[in-house]
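You will see two complexes here that share chain A, one where it goes with chain B and one where it goes with chain C.
Let's look at the complex of A and B:
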C-alpha cells in the first residue's frame, strides 16, 4: 500500500521557542522566512508593479508582465508585498475586489499541471490537465456578468517550457481576450528568456512590459540588514559593511547575505565572548561560506591520493594535454612513490585511489569498466591543486 | 564442519573464511567474491548454505531480466508467497525495501540472511542505483542481511562513478594441476581401480592442461574419452598396470579430440558415434573424420554472386592504386620496382578488409567476368542479398542508394573455395601475395 510510502515533513510537536537573548532575536529576524515589515531598496519596482496591476484591476482589462533578475534580488518578495497591499486596498473598497492565484513551475511534476492547479485555485474543481485546459479556455473567453479580475503569479516560468510551448502560449493568450479580466505576472531568472526559448507568437503575446531587478549594491544590502534587525543591536557597523561588500562583490544575493549574518551570530555565540558580532566572527563565517571545498578536500586527502594528484599533474605536463589515461598516470605514480620512499601500490589500489578521487569530483573519470584505459581529467585547476598540495 | 570439508576438496581456506562470519551476529553488509570460471564460487556457496541450513536466496543475474523478478525471488525465499505478492506490478527499489522491512519486523532474523548474486557483472547494466543499494542493503532494511556478489571480473571494473560502500573482497584462486587431478579423480568409475582412473586423469591432464584449466571442460572430456581408454583392457590386450601401452593407445586419440570435440567442431554425441564406428572398422586409427562445423562453411551461390563476392574481396584487400595494373589490359608501362612491396606497411590481410565504393566493386566485377554482363536489377539485388547473407557488410549507413560503401566479410579460404568453383585464380590477383 503506497500510503505508507508517502514522504512527509515531520510536524513540530513543541512551539518554536521565543528568542532569549539579543543574538537569538537577531537570528530570528535575519531568517529568510521571516517576513520583513517593509522591503527597502525596492520602492521603485514596487511602485511600478503596483500601478500596473492596479490600473488593470480598475479598468477591468488584462495584461502580462515579465519580471527577471538573478536569484536573491527580491522578485517574489516584492510581488507578494504588492499583492498584500492591493488586497488591503480591495478590502477597504479602494479598488474592485480580485482573485489572486499563485503557481510555481518548480512545484509541478509536469508543465500541463499548471492548468489543473489554476483551475483548482480558481474554482476548487478537480480535473485532468486536458479537461482543465478546456474549462479555463471557456472561462476566460466567455463573457460573464460581474466577473472579478484574476491576478495570476507564475513563478519559475522557464520550467513551464514544453516542446510546443502550448502552456506558455495559453498563459499569455488568455489575458488578451476581451472577457478574460486576467493579469499575468511571470517571474524568471534570465532577462532574455522570451527571446531565447519562446517562439514568436508566444513572445509577442507576452508583450514588452518587462522589468528587471538589478542585484543589490553593498549599501542596499546593508540597509536591508539594518532594516531587518530594526534596532536590535547585535552587529558592529564595520562587520555589517564587510558582509555586504563581500556579497555585493560576488552576487548581490540578499539571501546569501542573511545566511552569512546568521552564521556569524552562531559563531559569536559559540566563541563565548559576550557582546556584539565583530569583525572576526564575520570573517570566519565568510571563509566558511566562500572558501573552495575542493582545496580543503585535497589538503585533507590521504597520502596516496595526494600523490596521485601530483602524478596526474606531472603526466599532464609531460604530455602537454589536459587528459591522460589511468595507465599513463599510474606509471608516474609508481615513480613518485619510489622518489618519496613509499611502497609502490598495486594497480587495484591505484584504481581505488583514482576512483575515490573521481567520486569526490576532484577528477573527472570515465566509467570504471574501461579499466586501466579510462581517461582522467582534473575537475579543479592545476594551480588550485598545486596550492593545496604546497600549503602543508 | 568436517563433513563440509569432505564435500569440498581444495576449498578449505575459502570455506573457512566465509564460515568465520558468525551467523548469529551481524555480518559484513556485502561480500564480493571473484575468481575464474569454474573455480568453485557458486558450489562453495551452495554447499555451505545447504549444510549449515542458513536462510538464503540464490539469484542469477542472467535470469533477472528486470529488477522485479529479483525482488520477487528474494522476498519469496525469505518470507514466502504472501510477501512476494505484496510487490506492485513494476516495483521500485523503495517498494522492495519497504515490503522487506514490513516482513522483517514480523519475522526478525535469528541468523544472518544471505542473498547470493551469481554473474553479478550484469548488475552494472541494471539501474544505476541497484548495485550501490545492494551493497548497503543491510543499512537500508535494518536487518541482519549479507549480499554476496559472485563474479569473474575484478571489483575495479564494478565501482560506480559516484562511489559506493566498499564490499569485502574475496578471491578464489585457480586450481593447480595437483588439485585438478585430485578433484577429477573423485568421480571415478567403480568398476575400475582408483589408481587406474587417476593414471587416466594424469594422461588427460598431460595433453589438455596446457590449453585448458577449466574444471567443467576437463570433466566433460574425461567422461567422453574414458571408454576409449578402457578398450584395450576389455579386449584383454593389456593389464591395468601397463601404463605405457595404455598411454600409447589413448594419446593420439586425445590429440584428435583437442582439435574436434574440444572446439565443438564435432558434438559430443557425434564423437561417441565416431568411437563406436571406429571400433567396428577394426581399430583403424586413421579413420576419416566426419565433417565438423567449420567444414560446412561452403555456400551454394549463383554464378554472378560468386563473381561479385570475388570482386568484393579483391576490392577490400587490394589497394585502389593497384587496380589499374591488375584489371586493365593496356595499363601502360609500369616499372617493376614500383610494385615491389615496400616494407613500410603490414599486409592488408593482417589489417582486415577496407571499405570500398559500389563503383569500384562493379568495375572490378566487369573486368573479372569474361562475358558481357548487363547491369540489370538482378545484379544489384544480388549485391544487397549478399549483404543480408552477411558475406558483405555495408559501412557508413548514411545513404542506401547514393554511393554506398561495403566491406567484404569472408575469410581467404572461403573465397579461394568459391573461386575454384568458377576456375578463377584469385591468388594471382591479390596484392599481398604478389611475387
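Let's look at the complex of A and C:
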C-alpha cells in the first residue's frame, strides 16, 4: 500500500503555448479561472467581511458568519481575497498571525468527512471521522498557550446537513468556546437556509451575522469584463454591453458572462479578419448558449416522428387532456398517415418512433413494458411543436 | 513422426511459396481473383464498415461541429485552457463517431499526442461516484494505484484526486481529457459530486482539463443542480441532422461501394456499377424513402444494409432490388402480429372475446369470468360444440396469454384476488387483431366472422 504517496498530475514534456495574438490574450484573461488581484464591484462586501474577521483576530475571540447568494456572484472569490489581504497584513505584523483553512461540502463524500479534513489541514494528522471529531473537540475546548486564531471557511454548507445535524452543530458551537479562537465563515446559495433546514439550537449558534450577495447588475458585469481585459482591445463597447445586459436580465451570473465573451472571441477568430469582436459575434454566441434545441430538433426530425407529434397534439385536443395512451395516439397517427398519403405503419414501428421521441425527451413516456397502454405526454409546449412544424 | 514428415514437408512448402509468388504477381497486374475470394473480401470490408462502426475519413454533414470540437480540444491540449462541452443528439446520430474522429485528428499533432491524458467513463459502467473515481484514478495512473488496484477509501480517493488536480497548473501539467459517455446518468449520482468537482476544476486555476459529455437528452441541462450548472460553460454541440432524402440515398450508395484499394479492380468496378443501378431502381428508392421517413438514424440504416448484404453469396454476387425488399420486410415486420399467428384457436377466440369486451365497455379492464361469458355467448349462437372447452383449459389458455404479455394485470390487483377475478387489460391494438385474423393459417370461418363483426 502506498502510504506516503504525493498526489500529482504528470508534467508536460513541452511547455504550453503562450497566447499569440490579441484574441488569444483576451481569451486567456476572460477564462473564469484567472481570478483578478482585486474584485471589482464587491468592495462593500469585501470591507464587511474584512472588518469582521480582522476584529475577531485582533480580539482573539471567535464568531460565525453566514454568506448567501446565487451561484456566480463572487462569494468564494471575495472571501479568498479577504484572506489574501489579511495574510499579507499578518506577514507585515499589523495583526496577529492566524491559520486559514477551507473545506467544501461538495468536495467530500459524506458530511462527517468534514472532521477529517479540518483535522488534516490543521495538524496534518490522518484519522477516522469519529476520532477526528474527538481530537478537534479537545483542541478547541482546552486552553493552550500562544494559540493562533483559526479562520475556517465552509463552502456549500447545505451539503453538511445530517439528520441529527451534529456536524453543523459542532461547527457553530466550537467558536463559542472560550479557548477556541475560531472564526467560521459559511457560504451557501439560499438566504433562508438557517431557518429552513437547521434546528433551533444550531440556528441560534450560527447567529445573526448574515450577508447576502446580490446578483450582478449589467453595469457591474460590464465593469468586470473591462477590468479583466485590462486594456487589451478585443471587444467593441456595444458588444460588451449587450452581453452584460442579457446575462444580467437572466441570472446575473458572472461565470456565464465570461463564458459567452470567450465563445464570442472564438467565433470572431473564425469569421472575420478585423480582430475586434463585434455585435454579430456576440449575438451568435448568445444564441448558441441560451437558445434551446427543441425547436430545431422537431424541425429536423423524420417525417413519421413529426407526424407522431402532430397526432399527439390532435389527441390532446380531442380529449381536452394533456395525457393520452399510445394506443389513442396511434389511431390518430394512422389517420394522419392516410391524410398525408403515406403508407400506414405497423404498431412496432409506431412504438419505435414513440420511443425515439421519448429518448431525446421531446415526449415523456411511461416505461415501455406497458406496451400500447403506456401514457404519453409532451415535454415541450404545444405551441412550440406547432411553430416548429409550421415554420417550413 | 518428425522423421516421417521431414522429407514430405519441403515439396509442400515449395508449392505454397510458388503459389504465393504467382498470387503476388497477379496482384501487381491487378488480374481477376476467383469470385469466392472477392465475395469474402466484400463481406469483410462492408461488414467492418456496417457492424464495427469503422470511422469514416471525414464525418459527413458534421463539418462545423467537427471543427468546433477539434478547436476546443486543441486549445486544451496545446494551450492548457480548461473547457467543458456537451455533445447532444438523438441516438444513432454519430456522437461517439464525431468524438473519435476529433480525437484521431487531434492526436496526429505531436504536441497534443505527447501531452494529452485521456479518461473515458461511461454512465452505464460507472454507476456511482465511488466506481467512477476508482476508474479515473486507475486511468490516470496516480500514485495510489499499484498494478490495477486502487488503494484507499472513497473519501480518500476523492481527496487524493482533487489534491493532485489542485497541484497542477495551466502551463506545466499535462492536460486531461474526461469523456463522460451517457452523461445524463452521471447527473443522477448522489449530490452530483463528481460533476461538481470536474466542472469546478475546469473553472479554476488548477490542472487543465476538458470535460466532454455525450448524451441524447435535449433537456440535460435541467438535470444539473444550480451550482453545477453555473460551473458548466454551457457549450453544447447539437447533432441534429438536416439530411435530405437524396443525401440519404447517396449515403446508402457510399456505404455499399467498395474502396479503390480493393484487390480485384474489375470486380470492384462491376460491384460499384451494380450498386449504382440498384440505387437508381424505383422500388428500392421507395423502400429507402420509407426508411428515411421513419427515422434518420444511421444505425437502423446499417441494419437494413446488413440484411441485404447477408444475402450476397458466390451464386448471387450482387445485391438485387428483391433483397432490399426482403430486408425491409424483416425490418418493418410487426412483432406482436407475428406472435398472434402462433396462437392456438382457443387463445385467438379469447382474444376476440376481449376485443369485443373492450369495444362494449370502452377499454375497461376485464377478468377471466367476463371473457368466458363472452366466449360462451359465441358458442351458444353458433350451437357448435367443437370449441366447448372445459374451464381449466380456458384458464390455461388465459394464463398463456398473460405469459406472452398479450394481456396484463391492472397494477395493484395482483396478489390478493383469485385468478379468475383478477382484472386484466388487453395489450393489443385492434388493427393488430384484425390483421392476425386475416393472416392466421386455416382460421375457421365462424371465428373469423365473429372477430370481424362489430358486435360480439
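FYI, the second predicted complex is superposed on the first by the 377 of 392 C-alpha atoms of A that agree within 3 Å, B and C clash if a C-alpha of one lies under 4 Å from a C-alpha of the other, contacts with A are read in each partner's own complex, and residues count from 1 in each chain.
Here, a contact is a pair of C-beta atoms (placed from the backbone, for glycine too) under 8 Å apart; a residue touches a chain by one contact, two chains touch by 3 or more.
Being a predicted model, the structure only gives us computed values, none of them experimental.
Engineer: A:109 in the overlay: touching chain B, chain C, both, or neither? Say first, second, both or neither.
Structural biologist: Only chain C is touched by A:109; chain B is not.
Engineer: With the two structures laid over each other on chain A, which partner does A:19 touch: chain B (first), chain C (second), both, or neither?
Structural biologist: Second partner only, chain C.
Engineer: Just checking: does A:356 make contact with chain B only, chain C only, both, or neither of them? Give me first, second, both or neither.
Structural biologist: both
Engineer: According to the stated criteria, A:365 is in contact with first (chain B), second (chain C), both, or neither; which is it?
Structural biologist: Touch status of A:365: first partner only.
Engineer: Per the contact definition in the header, classify A:35: touching chain B only (first), chain C only (second), both, or neither.
Structural biologist: In the superposition, A:35 contacts chain C only.
Engineer: Of the two partners chain B and chain C, indicate the one touching more residues belonging to chain A.
Structural biologist: C
Engineer: Quick one: is A:8 in contact with chain B, with chain C, with both, or with neither? Answer first, second, both or neither.
Structural biologist: A:8 sits against chain C, while chain B stays out of touch.
Engineer: Indicate the residue numbers of chain A shared between its chain B interface and its chain C interface, in ascending order.
Structural biologist: 2, 5, 347-348, 352, 356, 359-360, 371
Engineer: How about chain C: which of its residues touch chain A in the complex?
Structural biologist: It comes out as residues 67, 71, 78-82, 88, 90-91, 111, 114-115, 117, 129-130, 140, 142-144, 146, 151, 154-155, 158-165, 167-168, 170-176, 191, 193, 196-197, 200, 203-208, 216-219, 226-227, 229-231, 233-236, 238, 240-242, 290, 292-297, 332-337, 405, 408, 425, 427-429, 431-432.
Engineer: Name, in rising order, each residue of chain A that touches chain C in their complex.
Structural biologist: Counting only chain A, the residues touching chain C are 1-2, 5-17, 19, 24, 27-28, 31-35, 70-72, 106-110, 113, 116-117, 156, 159, 189, 253, 255-256, 259, 263, 266, 270, 288-289, 292-294, 296-297, 300-305, 327, 330, 334, 342-343, 345-349, 352-353, 356, 359-362, 370-373, 379.
Engineer: Over in the complex, which chain A residues touch chain B? Could you list them?
Structural biologist: My answer: residues 2, 4-5, 347-348, 351-352, 355-356, 358-360, 365, 367-369, 371.
Engineer: Provide the residue numbers of chain B that touch chain A in the complex, in ascending order.
Structural biologist: Spelled out, the residues of chain B in touch with chain A are 88, 94-95, 98, 124, 154-163.
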